[in-house]
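Next come two complexes built around chain A: one with chain B, the other with chain C.
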Partner chain A sequence: MSFSTFVTDKAGLQKLFEAIISKHETYAPVEKFGKYDYKKVSSLKECDPDSPIAMTMSVKPLFFPRSSKIMKYESNSAGTSVSETEDDHLAVPRVILGVKHCDARGLQVLEAVNKWDYIDSDFLKRRADTVIFSSRCDKADTHCFCTSLDYDVENLDAMDVALVNGSGGKIYVQARSEKGENFLKESLDQQSAVGSQQPAMDDIKKQYEAFAASFRLKMDYKDVNEKMSKRFNSPAFEEASRNCVSCNTCAFICPTCHCFKISDVKIKDTGVRYKSYDSCNNVYFTLEAGGHNPRPAKYRRWRQRSMHKFVFYKERFGVNLCVGCGHCAISCPVNISIFDVVNHVASSPLES
Partner chain B sequence: MDYSNQIRDIAAKLFAEGKIDVFVGYRMSGFDDNQVPVVITDPKETSVLVFTEKSVFNLTNYLKADHTRNKKVGVVVKGCDSRSLNLLLTESQVKRDKLYIVGVACEGVVDDKGNKMQNCMECFIPDAVVFDEMLGKPQGKKDYIVNADITELATKGLIERGKYFEEIFENCIRCNACRHSCPLCYCAKCCIDQETSTLYNGTNTSSSAFHALMTWSLHLAGRCVDCRNCEKACPSHLPLHLLHKQNEKVIYENFQNHLAGVEEGDRGAFYKYSLKDPDDFIM
Partner chain C sequence: MEALLVPSLAKVDRIIQETPDVRTYRLKFKDEVLMEKFTWEPGQFVEFSLLGSGECTFCISSSATRKGYFDCSIKKAGVVTADIHLNIEEGDEVGIRGPYGNWFPVEEIKGRNLLFVGGGIGLAPLRSLIQYCIDNRADYKDFTILYGARTSADLCYKEEIEEWKKNPNLKVVLTIDKPEETWKENVGVVPKILEEVVKPEIVNTKVITCGPPIMIKYTLQSLDRLGFAPKDVITTLEMKMQCGLGKCGRCNIGSTYICKDGPVFTYEQLKALPDEF
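On to the complex of A and B.
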């Protein structure tokens, strides 16, 4: 099924955004302490949908919150009763502006694990109730490598509406899903539809080519997948992770990491159970109640992290868990990039 | 400030003489002009070592890691780093006879944008205070300056300050990167990791972040050396130095001008008793 493309300019786009903000519950990147995080906005002035990728947190917490209440419990002489909580994060129909392509892809990748085994209905409901506006970057950042991974950045269908900067100040607004198509038809002037006119399509393609040429990092993911799957016992993991300080930042800001811990906030006989982020780089992550820790060394935790991104998830769901956003390398206090780690391991000699 | 050649020579010599098993220094990141820490175990790799005003990270954090513990280690320290090393030595976390310390008379380091860092502009101990070998010309101790941000915050009202700190706690995502990157945090089980505690509980609610950050900063009161590893690690770019610098100011004013780790054998303000310590809160 093909979706519509509309053409507008900067003023037109601003008008569209303002109309969206006034009509719908809208989230967009808001700056605080030099870093952008997705927050609820009431006017376009508060936010910056064109926030720089290196300074923007992932959109994941709007779907998988950093902490969410999962249940309430109460004990009394009659026993213990468990009840549902009203989660503040459960979705109402909403629009998110300024999502990056890699971030939107992260949500698409996460759908696989949320639909598998235990079905996370909260995550799926939040995604179903959200219209995502995603703008394609014009230039790659130092740590970006999204074009090297197993998804078509040019025709990505992870978002509902894609925005592309064309030549001469034109901005193309493309629907990428049925939800996006319906949303645009309601809110945009039909006169500006370009259908599939050749000049517009060429312009969009040209923008992509210039964007794809701006990447510093390039790799062959199939080669990395195959080589890494044979190098579980490679000493290269130890070499690559030697200067990691195990600070866990990489997992907390990753758009696809989805490990969590359960914690109780209990006062006397009543309590609330929370589900919050956790990180496999944390030494306590695999610590068992009896005191045994199957991953006590740092390199083992790094092996888990990089193998999960490039081997285990791929084997189970057919896609890489890494989306190439480079957030881990940007936030890392010692600039370790997962790109360097997996390439170092893949190029290490094979142990016999 | 460029001691790259000297540090390469020293590291190569130490490996050749068998004085060290591991050398902790800096190398170029490989993609921009910033530097990243490097832990060298192979004597052939010493050629990657560099030291310029881009050598920002406090390397004493690595002295607690698996591959340096109980080994002979060579390490490069600036003024602030050597103060944290001093404290680690007093607190028996590292052994002096297993260390070879290359001290640097630091002229200040710069951030990503090339501006001199705030802690360097206010630095009062630029030279390494504990070392086996000193690089550069020592500049001597300077006067203690109260942090500019603390001075500015003090001019604001209580409610305004409260709101500012509330914003910090709201933007904290509880990844604990500040604690992990701190050279002086080495507790085997940190109290803020408790998942069943009503105060810390592992969630990223504002109250949990408040308790975790305040406990952390009070544990570092009189010990923090203002190396700003925590701020470098914070993914939310929170101004965490405010918590520590306020403590430092209060301790300097009340505990006989105590500054953490400046003297060898320093135990931190709260770990020693003096008759001059303030007691007006009792009577």
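On to the complex of A and C.
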């Protein structure tokens, strides 16, 4: 299926956003203390769909919440009862504006683990009910390396509607999925500020090349995949992880980390069971009740984290579990970057 | 997903004190229709919750050929298992999800001699298969059970073992680590007894083993010395698990999900995994 591209300018785009916000449940980056997080908005003034990438949280919690209730339970003399919790407020038709390309790709990557064997229908339904509008990324930030990880102008399928800056102040509004196409056509009917449909691939490609040239960080991930798969026992993991304070921030803000734990909170005879984020960097993550821990040392946990992202997930699901957003490096209190870790390991000497 | 994580309620029908720190909980789903439909293969596990305390992974230690109930044998080891021992009484209700994971290759081992090598609480998953094989005795050839524990008090399923001993179709060899006054059977660690007393037939034999890591380590070496091929040695892995659904990431070893691709592996498969268990 080929999708439509419309041309507009900044004012036209704002009108389009305003129309969307007035008609649909809309989420967009909202600033607080200099950081942006995706929040429900009721006017364009509250938010900034062009929020700077380095300052914006991942959109992941809107699909995989930091903590969600699995069930409630109650015990009394009559016995025990278990009940599912209230309706899922995230699975209503909604639009999210200003989603970074890397972040949208994160959702695409996460789909693999959520739909193999047992299906996480909550995650898939939230994604199916959401129309994602991309941000207009046109310049790489310090820690960005998405172009090294399969993101390119031909591969924008992770968003439903891609926004691309063109030459001379033009902005292309391009549907990238059937859902996006239908949504655009519906929205544009009552909205004249967005111009007619135009073929624009040449212009988009030119802009993309300039964007790709702005990257400080570049890697050949296929080379990294191959080299890392041979370096499970490399001492480089120890060197690369030495400064880590095991705070787990990298995993919590990562668009693709998806490990979770199940825990109970009990008050007298009633309680709630939660599913919440966890991380393989957590020393208790694999600790068994009998005291045995397969990953007792920090470097082993870092090896799991980086090998999972660049070797294991790829082996299992055919795609890297990293989208090159650089958020782990931005948020890390001791400046560890997954980019540096995997490159350090990949370039370490091969044991004989 | 959250719906997949909601357990069904089961009633604790009976509690059997196996050893000072192991109890078997005989469970029946509250919902009779569910209990009737509930089936599993030997080696599969369930997620067992003591509501308010937490959820833990236990293998089902009985066989589905014995209908109307299922057993979980639980050793007091961590926070939740201590709570289970302390708080659960007969008649109480617990949460159960499952069955999950793969199982012992009951088809593939048909027509073979079976050698079970268990240590301590490691007999629990083997017991499910032993009961299954006893109930389908015609499908299998010679049948040997070697079971050891630190002391005679630490042997699980004592009553059932007495029944096994009376069964002319089974050979049962018991051992404890150190001599005891009233103990008349073997004394010595499991691998030693395996090599010196059991002296198993190798041809056409499948070995199924489970026990504490240190026993497994030396048992595998003994089996190697005796000449068993790694593909004929089957074991079940103990890893920290939580969801049982191949999602939460806890039991990953390399690209393998122990909760989905395991917990049952041959020694040959284990050798191919990164050393993370």
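Rule of thumb we're sticking to: the second predicted complex is superposed on the first by the 331 of 352 C-alpha atoms of A that agree within 3 Å, B and C clash if a C-alpha of one lies under 4 Å from a C-alpha of the other, contacts with A are read in each partner's own complex, and residues count from 1 in each chain.
Quick note on the criterion: a residue touches a chain if its C-beta (ideal position, glycine included) is under 8 Å from a C-beta of that chain, and two chains touch if they have at least 3 such contacts.
Treat the numbers as computed from the prediction; the structure is a model and nothing was measured.
*Asks:* In the superposed model built on chain A, check whether chain B and chain C fit or clash.
*Replies:* fit
*Asks:* Should A:T286 be classified as contacting the first partner (chain B), the second (chain C), both, or neither?
*Replies:* Second partner only.
*Asks:* Compare chain B and chain C by how many residues of chain A each one touches, and report the one with more.
*Replies:* C
*Asks:* Going by the contact rule set out at the top, does A:L13 touch chain B (first), chain C (second), both, or neither?
*Replies:* It touches nothing on chain B or chain C.
*Asks:* If you stack the two complexes on chain A, which partner ends up touching A:F312: first (chain B), second (chain C), both, or neither?
*Replies:* Once the two structures are laid over each other on A, A:F312 reaches chain C alone.
*Asks:* Looking at the overlay, what does A:Y277 touch: chain B (first), chain C (second), both, or neither?
*Replies:* first
*Asks:* Check whether A:R295 is in contact with chain B, with chain C, with both or with neither, and answer first, second, both or neither.
*Replies:* After superposing on A, A:R295 lies in contact with chain C but is clear of chain B.
*Asks:* Let me test your reading of the model: by the given contact rule, A:A212 touches which partner, first (chain B), second (chain C), both or neither?
*Replies:* In the superposed model, A:A212 contacts neither chain B nor chain C.
*Asks:* Between chain B and chain C, whom does A:R242 touch in the aligned arrangement: first, second, both, or neither?
*Replies:* Only chain B; A:R242 stays clear of chain C.
*Asks:* In the overlay, answer first, second, both or neither for which of chain B and chain C A:M201 touches.
*Replies:* A:M201: touches no partner chain.
*Asks:* Looking at the overlay, what does A:K261 touch: chain B (first), chain C (second), both, or neither?
*Replies:* Both partners, chain B and chain C.
*Asks:* Please work out how little space separates the C-alpha atoms of chain B and chain C at their nearest point after superposition, in whole Å.
*Replies:* Least C-alpha distance: 6 Å.
*Asks:* Please identify the positions on chain A that touch both chain B and chain C, taking each partner from its own complex.
*Replies:* On chain A, the overlap between the chain B and chain C contacts is residues 261-264, 266, 278.
*Asks:* Report the residues of chain A in contact with chain B in the complex, numbered from low to high.
*Replies:* Per the stated touch rule, the residues are 32-35, 37, 57, 66-67, 142-143, 216, 242-243, 245-249, 251-253, 261-267, 274, 276-279, 284, 297-298, 331, 333-336.
*Asks:* Sort out for me which residues of chain B touch chain A in the complex.
*Replies:* 29, 31-32, 34, 36-39, 57, 61-62, 65-67, 167-168, 171, 173-177, 180-181, 193, 195-196, 198, 201-205, 229, 232-239
*Asks:* Inside the complex, what are the residues of chain A that reach chain C?
*Replies:* Against chain C, the touching part of chain A is residues 68-71, 73, 75, 79-82, 84-85, 88, 113-114, 116-118, 120-123, 232, 258-264, 266, 271, 273, 275, 278, 280, 285-292, 294-295, 300, 304, 307-308, 311-313, 315-316.
*Asks:* Which residues of chain C touch chain A once you look at their complex with the stated criterion?
*Replies:* Of all residues in chain C, those touching chain A are 1-9, 49, 51-56, 77-81, 93, 95, 213, 238-240, 242-243, 245-250, 252-255, 260, 274, 276-277.
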